[in-house]
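Pasting the structures here.
After this come two complexes, each holding subunit A, first together with subunit B and then together with subunit C.
Now for the complex of A and B:
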């Protein structure tokens, strides 16, 4: 098992990555932050992350497509959806397609930290 | 790990299906009637009055007797708070519109053939089918009037549900089939709770608690909550608005986990005229 959990964080809003990236790094995770979903997809194809955290509403590629791509690449990777446009339909679609969890924006960094910890726990990592 | 709500017309064996589903899934069973003792204890309203509120259709659309809307709010609040626990099968329609936006609630409607329901009623009462027919039709009409008056919805509308099961003539194999359908549906990933849906359920429960707290001031107000922030939409005459807002805020701030309150006043035209403003 790797020493550090590897996380890809994707959100087209710069402020989200700037704020959440350091929060997760501080806990001890290796975090790669992306704003461009296409670049994030390329990285997902190169590397198997433990956790992918993705926004939903982005230009060109949306979060559900990211989820589907991750699922194709690795069933082990846990996908956490973060969105400011949460609805019942979206929540159910995300779960149906294999998301680990979904959080509605705005949320506190602690909320994300505890969801990531749950995902890490399900992967066998203990903090 | 989910919540199942089941509603059905009278004598459709809906309650029996709900109880069996709870047993098979090892979930807790709750209905709007067995929650009444808790409501009675907390709010000091007799169980018979609460029961009457659940059954009796208002005399005209929206024309309740003075205290009934409060009773509905009390019952809704305890049901919503009960549903925070998960792993529950809830039988009934009280509060159903409030949890439409909670994705881990699987909403099931059981429908059955009218003739089958009439036979069921006649068998239970030991009376004639003619008498049973009148009683079933009367109960259907009462239920329709009740849900229209309380929620402005028709509870037989399939759009309100995730799953509609027609158990036809209510035979044993129909019952088993309905049970299997519900159990396999709830095992579906889309009904699994997640951080977002649990937060939605918590917000619903908080809104209900606020409505309960303010029911003596305004039983028709709209309340929305999000993570401890409460938005209250009410009516008032301009002269009394400030006092009303202050009274509401003081009461609501006493609720645990409430952090911030916003009150939006719609200045009531009818009240303005009657107060000569």
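Now for the complex of A and C:
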């Protein structure tokens, strides 16, 4: 098992990445931040992350597609969906397709930290 | 004819009453009503009455004419009889005269007959003068008098018993001469009068035929005229209702120089048009509010992004403010400000559209207006997963119109397109000069489900919707059509089921390019 949990964070809002990167690094995770979903997909294909955090509404590629790609690549990777458009239908679709959890915008950094911690827990990491 | 005055009075009563009712209902006579009502009144009823009076007058004239004619003939007949009696008396006198000269009898009878003739003549002298001339009448009288004098002379001669054969023969010659003259003139008199009566009878026989022809012609003319009076305004009204059905609510204007029963209908239609206009405005407003409702959901979602950014940044500052460098702090503060600005513009765009305002016509840049509308609908487009592309021709001429209402039209068309496309659908919007000179065209094309041909004729009808209950009001296209018509434009549609739908809106432009100084 790796020492540090490896996380990929994808959101087309620059500020989200800028703020959440340090937020997660501070609690001891290894974070790679992406704004462009295509680049993120390439990276996912290169490397197996423990946790993928992705926005759902983005140009070109949406969060559900990212989720499907991640699941194709590795079954154990946990996917956390961030959404500004928290509709029930979307939440159900994401959960049915195997997302670990969903977090609706706007949220506090600690909200994300606790969801990530839960995911880490389920992966067997103890913090 | 008191019966015929009544309808007129009734009519004026009716108008007075309706005018009273109107003022009681506090209807302000607006300009159009005044134009309609200020014309001189010439009602259909009055028209009918006039025609009726004309025909009554005509028949009266015919009746009076016939009575006079018959009366005259009667008089003439009487005079003919008199002349014949006169002629008979004279002839009788001559017969007695002949008897006297042949058998020496009846001289007294001859005198009696001549006297009778004289009496008849003097009784009808006036009439005789009108038939014959005064001179001729004098001749008659002269001959008659002379004849009688000669007879008297004979009587005297007879009484005296003087057998003056010479004198007697002289008198006989004279008597024959005057007698013949008298008979001749009397025959002329009788003949002339007979002729004149025959001529009059002839005329009286022909007059009804002339009258019949004249009345028939008059009747055809009157019928044609009355029908025209009825049919023309009816056709006009039918034309107007067609125009109204197409959404043109401009009031009716006077067509003729006078007002009549149809004016009441026209005023009523104008009232209806005012009400329709009000309803249309209300409908446009209610449809707008519905669009605002749809947009609000999108805006609420869209607001989550800047709000999230603000929250994350504020928390970052709260957690790390001691460790952050001044540059980092500044960056974060700028982020906060920018995101707050972004929130404001998201809300402002919607509020701009939602704000209730009087309908105002102002110079507009159609390209900019369509761009703003696209921005307004962008959240909905994003949620649906569709893509939207716009091509706006630069330096388009400006146009005049109501900004909010036009935005409403394009928003409605875009939202319809969003509903029609699946995920990964494509919506293409173009703004350019229309093929028709002096017009601008906005096209909104989606590659969605298309519209089946059988419902195509109904899509602009109010309350027609293919969306499930609670989803669409069925007012969108109807309201859009109304707004575009009001702007002097047209809205048209091309569609193929399963392939595409393209709405084309054309609007009249002004000749000044949009980027020139705003007036």
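In the analysis below, the second predicted complex is superposed on the first by the 127 of 127 C-alpha atoms of A that agree within 3 Å, B and C clash if a C-alpha of one lies under 4 Å from a C-alpha of the other, contacts with A are read in each partner's own complex, and residues count from 1 in each chain.
Quick note on the criterion: a contact is a pair of C-beta atoms (placed from the backbone, for glycine too) under 8 Å apart; a residue touches a chain by one contact, two chains touch by 3 or more.
Treat the numbers as computed from the prediction; the structure is a model and nothing was measured.
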item	value
When subunit B and subunit C are modelled together on subunit A, clash or fit	fit
Subunit B versus subunit C as contact partner of A:98, first or second or both or neither	first
Once both complexes are placed on the shared chain, angle at subunit A toward subunit B and subunit C, C-alpha, multiple of 10 degrees	60
First (subunit B), second (subunit C), both or neither touched by A:115	first
First, second, both or neither for A:85, with subunit B first and subunit C second	second
Subunit B versus subunit C as contact partner of A:15, first or second or both or neither	second
Touched partner set for A:28, first subunit B, second subunit C, both or neither	neither
Distance of closest approach, subunit C and subunit B, by C-alpha atoms in Å	12
Touching both subunit B and subunit C, residues of subunit A	104
Residues of subunit B that touch subunit A when the two form their complex	100-103, 188-192, 194-197, 199
Subunit B partner contacts - residues on subunit A that touch it in the complex	86-88, 91-96, 98-99, 101-104, 111, 115
Touching residues (chain side subunit C, partner subunit A) in the complex	301-302, 304-305, 307-313, 315-316, 319-320, 335, 339, 382-383, 385
Residues of subunit A defined as touching subunit C within the complex	13, 15-16, 18-20, 22-23, 57, 62, 84-85, 104-110
